[in-house]
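Below you'll find a set of structures to go through.
Here subunit A shows up in two complexes: once beside subunit B, once beside subunit C.
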Partner chain A sequence: MIRAAKQSLLIAAKDLRIESRSRQTISLVVVLGILIVTVLGLGLGGQRPDGPAATAVLWVAYLFSGVLCFEKTMAVERQDGALAGLLLAPLDRGVIYLGKLLSNVVLMFAVAGVITPVGILFFGFDLSKAPLGFLAIMGMSMLGFAAVGTLFAAMVSSSRLQGGLLAMVVFPITLPLVIASTQLTSRLYQGDETWNGSAFAVLVAFDAIFLVVSWLAFEWVIEP
Partner chain B sequence: MPQQNNGLLRAFWAVTLLALAAAVAVLIAYTPDEATMGPVQKIFYLHLPLAINTFLACLLVFVASIGYLWQRSVWWDDLAVAGAKVAVLLCSGVLITGMIWGKSAWGLWWTWSPRLTFSLMLWLLYVVYLTVRASVESGQRRAVVGAVYGITAFLDVPLVWLSARLMPDIHPSSITLSGEMKLTLALWFLPVTLMTFGLIIARFRLNRIIRDTTDETQRGFEPVNLHVSEGIA
Partner chain C sequence: MSTLATQPGTASTAPQTPAALQTISLQKRIDDRPILRDINLTVAPGQYVALLGANGAGKSTLLKILATLIPPSDGRLMLFGETVGWDGWAARRRIGLIGHQSMLYRDLSALENLIFFGKLYGIASSAARAVTLLKAVDLFDRADDPVKSLSRGMMQRVAIARALVHDPELLLADEPFDGLDAPSCRALEKLLAQLQQAGKTVVLANHDIDQSLRLSQRTVVLRKGRVVIDQPSQELTPPAILKEMERA
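Showing the complex of A and B:
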């Protein structure tokens, strides 16, 4: 158990070290996120959207940049046959999944840490009312999103599919997350103090189900 | 394919069409009009059986996907594809009949109420299943990708349902039907369910035939053991 945790930390650390030295993914994804927020701002005609629209703007930016993160962390393994080396290492495939998941979550948080302030700046979103609630909801959504995304990124990369396909696979599956977190945040920011228990339960259930399923299914989809 | 199977299949479709004709006749001649909506409400007798059968088809995709990962036989893969194709077809039917119903009941083609949202999300899940499969080149990878996606998508269905319920609702959740209406509904389940099975069987047989012929044409060009590994590995 502890050994597995150490091994997956090792894999995540490796990925993040590569990333911190090349800054390949993060620069790309951050720029993409800012672009998306800009396009949406212009598309909304310069209006300042309120509660639900604000989460919609952020969600679109998170989803697209997240998918790019997942694609890139798997693409790193494509170079120089690194994946074959990783698969040959005396590791459980589940450990590889957890490591990749961890580096994806860290990357996504880093990207969200840039996109969210940009959204606040451009649209004047007021998150100060419940910053911890917002952080908790988005954190849990991103965990679930990354759980599915990591699995399908491995699948898409092993199958040599055309780019852009990952978004198509991941989006329909993550729709429950979008609904649940949008309902939660709009409740949070529209003065309604009651906690939407069933929306929160959907978030928790999504995270739990897809963490386990993706962890189990990973070994079927990963292939050099 | 054996010849006597075709005869059996013809008989099956004849029964299905007869049941459908009977259901239509009963719907027109016997079933009373609903008090407020009038004859348009009768689309409901098609709508509900289609929805139930969509779930059956999705369940089949799930079971066949597990079967494939377990036994690695392309037989399961062909079954899963047949199920997904029929599921998408039926779900389109659910969406279209539902929209026609909604237009006359609520004056809107579409609202984001739970059941409508759910049907749309379900439709998207299985349309993506088919499109993603189509873009994987290698046959064995395609089957693995399809199977993993088929399992994930089906596990997503309850979550999709629970999350769709968070949307504001105007869809009738429980309906009171008169005796005649209940009978009509029960009667409509028969042709729709038969049709579902018939379509799945037809699609499955077609998939098998396509697989056999492509295997045979490829056998001339490629080493034989490649197919063995595809079938068993």
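Showing the complex of A and C:
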């Protein structure tokens, strides 16, 4: 167990080191995210949208940036057949999944760390009342989103359709997560401190189900 | 050579010693198309086997199965006397694969790549092992350069070091000479011979018939997924192999 955790961390650290060198993913994804928020923000005619609409705009940016992120981190493995090198190592393929998931979550957080302030500026979010609640919702949402995205990026990476296909598969699956996250975040945005238990339960259930299913399924979808 | 193989083998082929690899009625079908048919091979420890065949004969698929990268559709694979399941972790510790591609991360340096793979294999002193291997493949002076800045020949030498990082007993090489210049080819030939002398089992898939006969002890020829020749290399001639490969 400890060995598996160390190996997952090793894979994630390797991904982040590669990203810190090339900056191929983060620069592209951040620019895309900012563009989405800006274009949609301006498209709303300068009017400040209500809570759900504003958080939905943010989620559109997270979704598209996330898909690009998942594709790029898997593309690193496909380059020069590096994935085969990983698959040859004496480790459970679930360990590779967890490593890739971890690096995707870190990258997603880094991207959200740039996109969200832009959204705050555009839409005048006031998250000062519950910053930790916002972070917790974001953390759980990103984890569930990355759990699905990492699995399907591995599947799609051997396909020629790639980009379009990943978005087509991941977006519908993550719909419950997006709805729950949007509801929870917009309540925070509006200063509503009443607890939305059902939306939170959806987040927890989504994360639990897709983490386990994706971890188990990864072995069968990953191909050298 | 002692730098490459940390525990030189004995190359013994005593009857009690299990075969380094054995395939029993191995089959592979992709989309119902047979790629490998009824492959029965037994390779003794320390043997140097050349695997020949035209494009599409099934050489690369066979090597991927032997490396446990993909499962066979049917039949059994045994490595060092033990049947390999689909999750053959233990077997993977004893196998090294040099493929068409380098299997390296281009944005990491040669040293970082080797340390990373060394740690994945659970090697305690992976940094020291990486340095030893880079010296052995004569690339220590480029250890900190990103792999993407290396020439094809240099990259292939790092790929070989990666395949040897865990000191495997069985080395599978899938057309490792492709794209190499003459000096790099000679260096690689020498390296593979040294590994075999150190007791490693080498299975080399290759296009060059003359080179394969010169390097190996035994030659296996595949045609349309079947073994059509399996003989000591010294008993074979290039025209005979070519004729068998071209047969309809």
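A few points about this structure:
One rule holds for everything that comes next: the second predicted complex is superposed on the first by the 220 of 224 C-alpha atoms of A that agree within 3 Å, B and C clash if a C-alpha of one lies under 4 Å from a C-alpha of the other, contacts with A are read in each partner's own complex, and residues count from 1 in each chain.
Operating definition for what follows: a residue touches a chain if its C-beta (ideal position, glycine included) is under 8 Å from a C-beta of that chain, and two chains touch if they have at least 3 such contacts.
Source: prediction; values computed, not measured.
Touch criterion met: A:7 reaches subunit C, while subunit B stays clear of it.
When the shared chain is aligned, subunit C comes close enough to touch A:92, but subunit B does not.
Contact with subunit B, but none with subunit C, is seen for A:173 once the two complexes are overlaid on the shared chain. Touched residues of subunit A, counted separately for subunit B and subunit C, are more numerous for B. Of the two partner chains, subunit B is the only one touched by A:217; subunit C is not. Within the superposed three-chain model, A:17 lies in touch with subunit C and out of touch with subunit B [touch as defined at top].
Contact with subunit C, but none with subunit B, is seen for A:84 once the two complexes are overlaid on the shared chain.
Shared interface residues of subunit A (contacting subunit B in one complex, subunit C in the other): 223.
Residue ranges of subunit A in contact with subunit C, taken from their complex: 3, 7, 10-11, 14, 17-18, 21-22, 76, 79-82, 84-92, 219, 223-224. Chain contact summary for the complex, subunit A toward subunit B: residues 148, 151-152, 155, 158-162, 165, 168-169, 172-173, 175-177, 179-180, 183, 196, 198-199, 201-202, 205-206, 209-210, 213-214, 217, 220-221, 223.
Note for the complex: subunit C touches subunit A at residues 64, 67-70, 87, 89-90, 92-93, 95, 97, 99-108, 112, 116-117, 119-122, 146, 162. The touching residues of subunit B, counted against subunit A in their complex, run 69, 117, 121, 124-125, 128, 131-132, 135-138, 141-142, 144-145, 147-149, 151-153, 155-156, 159-160, 162-167.
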